[in-house]
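Can you keep this structure in mind? I'll have questions shortly.
Chain nomenclature is as follows: A, B, C, D, E and F, assigned in order of appearance, with residue numbering initiated at 1 for each chain independently.
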């Protein structure tokens, strides 16, 4: 059976061959920046914007790539084209870029000095995991504020999309203590809500969309899509500091994310938000996004989930 | 030529075969805890203490290992024994343990659910890089306080020896802006000095050793060795909050680290500390440590560095 | 002589009978949320908005009421109607709602378990204390920044109108050390001005109204009235972080509050603000509010104060 | 049937008559300081120390009492003596003192001015609720760190034993989301563990007792008892900053509290502490305390719980 | 040769005679507020605005001046007129006002009491040092974020233009460790960029000017000029929190300052900003400013620098 | 009449001639470090320790002096010897050293470059102002905690005895709002008490001396004298974090300072400390210090104050 391809340090290989030596700084120090893009109907969505943001992250950490934006885009397209053939027609792919600081000098020994500064570059894809979203799409997500705080910008700027995220992993564990399906919504050190480990938060109040200030969150590309759709739908849109009080008292809430686009949030710390079910503004935005993408996102998630689960059971 | 062995997820393999799939949470999120031990005369030093600290880190992050402390110790010994035969008699090894959160669910797809909670476990060694230390041993290290602050305990406790360390990598980059050989000494959010990316700091004032409070640093095992040696030498020892002022005005300063044991610090932010050369207390402690280890550490670093550099040039 | 009525836990009683057992969580832990509304010409002003805000506070603390908003509004009206008959025609009432967490389990013993989750609900009124405002209306208030800081949102969100306010009581005591008539203006932990124990602050600069950001203050309903009046009068209006510097250098300053509506601020920390007397914008806003309310607020405070003082002396 | 007595503002009355008017600052602002003492064999334990601490709280908030320490002690004894007769011989009482800032001026109107500064003073008792402790004694408590932080000393010093505790109530609610029997262990703004809503925390490491620094907790009187017992048992004792890492990696943990004396802690955030059951040092300390008190505390809790539950069922 | 004049405490004297006794609070405590204005073609630019800001600083610190704004403006004009005659026609002057808290009581002894509250007032000029700017104009400035943080508003509001600036001096020293020509860009305690020791920062992103929020910087008068010129040129303008990430990823960056007006920033922490050379928006703004001022600012700096260097060499 | 001498930049001159040009960085930026020593019977007390601390401050700020410690000590002695002859026999002198960053480059123009790095050095004396202390000695000082916070170590370390102290000046102004004789006791950003603008704080609790931690205060030399005297008198001594609660509830409180040695503190924020009068431990320590100094300090202050006031009146 044909296998998906991946790009790793100059070579295109089968994804199962794309492994990192244990001396890579990705493994040794989490010294990695990353991006995730997704396809709609097998075409990447805003790939250029994602590559631009990857280069902003690279600049902020000072990794020097020997690939131009264009060549990275081209090889991403090439991999996508190949890998898309391996998934069902109605499904889509996530496309991942990551760049680490390269090999660890101490472990490599003296010979390492020369290669130290050569970053590790990887591009790969994964089929979108619709089965993870289907229930949340219907019932909404449960967010929980853990006691762990988001790493502040004076330590590591959240706008650098990076992979030193153990604190996020632990925060999600804390959220799952409350509800195995819950997702952590981290607070910053001033008590403002920030983001989840994968998504930007929005609340709706009187037909106005509010989302946390940029200082403490990744400036999401799907967040910007929401802003565009909001304008198109005549909804006000504002970035500002928000607290837990604002979220539990919102009319609606939802998160935006590159892979799933939009998922409703219907509970925070066990308190229902609004009427406790996905709200009308959420549905309007999701429809508008479906139109923009040329894909019925609700339909895709539902059918995709069914098909993936069926296939999984067929294989086991 | 025989290759060093490594342990990875239940198997012992040649180290070059010990690679991680790009879906491992070590790579995806820096969700990894770790330990480094070293040998003296090819015997591990305080291995039990290091394994105990690894298990404390594991408990703090909630990774559940299917190896007992004893079995981990045994297989570490086995790998050490084999790998020690591959290095010159007078050299020694660093022994690394790391455990990640296992594979990433989203990337693996639905099949991942089952294996998600199975951590990745790896044990490997590396020859000690004496050439990195020889100049610092003679002239002392230059520490620089970067503008980046240490991640605070309410985000991720520094006592968890973890690998979400991009902020450390960036901090060292900032230090190298000042001096290519400098090492970052991170401040905490209150302006206290904490630790370097690899070592604990000590200052000497009136024959008293002072080292930063445990709240904001890894509780170092070599730090505890220093405490023991201090007692043996009749030096007072105290953990307390210290600021840059205290370091620049110290009589001496040095760092302790599992691999190199002790290295002097002779400059902070370009200001000489004490007389600007490694001080007498540093030398006393290093001698005492040599005696404890049964290895002349100065001699080993000097000779080891020469031999490694010579071998490197022979090979290129 | 007829007594005002109050509502307490399902019953309407004479206010002097409305007492709480010492095991109530209002007394044991200050675990209470509250609202204050006022009447103009004996009709409640924006009662629905106040009840909505009460329900937002209730949601944020998780107290579950067995009264709907409508029934609470009705019984509030009923009490108001009765009690308004007991005050002079030109006077008005304050209307208070408070809800506590109910009885304390430990004190009640085992039987308490059942009733624990039943909140205590109280509705009562009080005649507006014009005598407290008459001098401040003429000469302006003196605000003082105490050394005590406002409780930060990560501990207890100021948008929850609650009664765990010992720190406010102490802050006002500190203000009174400087001037027995002074009122505390609390700073937040970043040094921004927030609010007084009863009111929102506004400053006027170049005909623009500025008021502290919502993150660190109760979102005042009278603050919103000011915003409406400002729009009506063609004055710009902005919420933003403000510091002491901004207040002492303002053209004018004033506070807004449910009960007294608006009072000028003419001194901060003994420094005169603007010309040191109530300013023209303040007077414009107060006139506009009088019109909105159908009550000459200046006249009411002056005459009301005289009448209340006269009555008091008659009674003693 | 005879009822317990309580003291309220100069009068001794049946406890059911001890109610506060809704204008009391205890209810209006949580402006109250308090103490809890308990009896052993119907005699108060360290009552003088508790009254001294009450007076320290009073001084810190500036409430001026017209009772001396001696007269407060006497009337406490008097109430205790009476109320102790109403409980079974083997049971004991909790004794509560609280003092609020008196009546609210605004609500009382002009006549209030005179009585404003007269604090409300109350003394009452409650039978110790053994049924709340019996299961925790055997299985240990589950502590959970909520996302809510402890109010910092610059807002309200935790050494003032006060009743503006809505944030504690909310924190316990957050803990109960994880486990209905869990109790909140609040972190301070630096991420150190502080205290639970009713007790001081201790951890045991290598036969050494560690308890959080005094800056961020109430200086507990039972905490001091533990210190005395530790000395007697030859255990080291130290106050220092502790983090979650320290607690989950402790050999044992327990809390001390005036009413229950000592209860084990066997889980933090679902992680077992030590062997996951109450430890030997806990048992030693509890035995020592039983001896000091002249009461077998284990026996009393077990039997007392049974008897109270039986009585409760008899009554319903 | 005629000497420039200065005003000091009521007298106009030759500048070399304008010295302060060592008991002045300017020297003893840095208790001084200040302003700097500049001339264009020997006429002061926005002198009234600078004097207004001086009076805002004076109010914020509570120094009471016995000069009106008008008389201070007049004597400033008088000094300017005289001193302008001493410089070449194409050059310009900086005009400095400073006011200290007067003499130190303790040092003066008992007689001091009377004069204590009389502030020291000084007005002087200096020829603009074009030679400091000429290279930076062409190549851009290198900014470095030091580990020292800006003093927060709760200690000393940066909007008070004051001379307690040792921390700035140290911050610039830290910047010079990286590059002898670098200038410090201080972060605040939340990790936002603030200002340099002499200037406000701007970044350009998609033809929009962004500058840090007013809370943590001096509200610059030249910053306001930039806002005016931006409007004139159709560029958006916004004050908001910015981090290092935003600056390194900007299209352009520059600083504004009373004396030099505008200088480009082309590097931050050794990372090039945009294309690494002064950008088109910078040049547009500088041209617009030249037009506003009636002085070709580029030409003036280039020619002025040459002339001053030549004159200096002629004199030595 | 002969005048006291002062040393300024290499020359010894009459103190009235010791003035600084307005371009000195002492005036321009408060970029100055300093020391104050005093004499007992005209001999300097611990002059070497003060000069050592001055050199620690110099090192921390990086000013390079061209005087050795010995030569600075010698010339200090020389000045003291001369100036002591000008005061009454029973009086004593304060000796001040200060070093600024030298002249400001921008103001001096291009010629400044050469002299820029040459610090300004000044040594002078002043007769001790006994009249400022006599009342406080008898009645104790009133300390007030202002809303202004102490500058944190990450901005400017309080252990650097520096003259960028406008925030202290403002803090004292805030204290004087409460009581014209009050002195500010600054809190740090965590709410701990730190120091007054001139002195270290001590509290006495159960015959134990407690003084704030070194991190947030100048490590006082007189503080160390107190430690020595405490040991001599068998009093425990500890440095630790203290809050307002601790001070108002202390048995006694006092401050130590180079010039006056010790003065009692009898009120904090209008609350009496202990019995509200200077306490027995204070008196013991002051007696011990008198013995150490060979001067009856109480007698000297009383008589000295009388004599200075008499002389002042004679002269006016």
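As a convention for this text, contacts are C-beta pairs under 8 Å (C-beta built on N, C-alpha and C of every residue); 3 or more make two chains touch, one makes a residue touch a chain.
It should be emphasised that the depicted structure is a prediction, and the values quoted were computed from it without experimental measurement.
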item	value
Labels of chains that are neighbours to chain A and to chain B	D, E
Identity of the chain that, by mean CA position, is farthest from chain A	F
Cα-superposition angle relating the copies chain F and chain A, to nearest 5°	180
From the options A-C, E-F or C-F, the pair that copies A-B, where over half of the contact pairs coincide	E-F
Between chain E and chain A, distance of the C-alpha-averaged centres to the nearest whole Å	44
Chain centre separation (chain D, chain E; CA means) in Å	58
Multi-partner residues of chain A (at least 2 other chains)	62, 147, 149, 152, 154-155, 160, 187, 189-191
Interchain pairs in contact, sorted by label	A-B, A-C, A-D, A-E, B-D, B-E, B-F, C-D, C-E, C-F, D-F, E-F
Contacting residues of chain B [partner chain A, same complex]	6, 8, 15-16, 18-22, 24-32, 61-62, 94, 96, 98, 100-101, 105-107, 109-111, 122, 124, 126-127, 129, 131-132, 147-152, 154-156, 160, 162-170, 173, 189, 259, 308-309, 312, 315-316
Sites on chain D touched by chain B in the complex	187, 189-192, 241, 243-246, 248-249, 271
For the chain D and chain A complex, residues of the former touching the latter	144-147, 149, 174, 177-178, 187, 189, 191, 269-270
Footprint of chain B on chain F - complex, ascending	56, 59-60, 62, 152-155, 157, 159-160, 189-190, 213-215
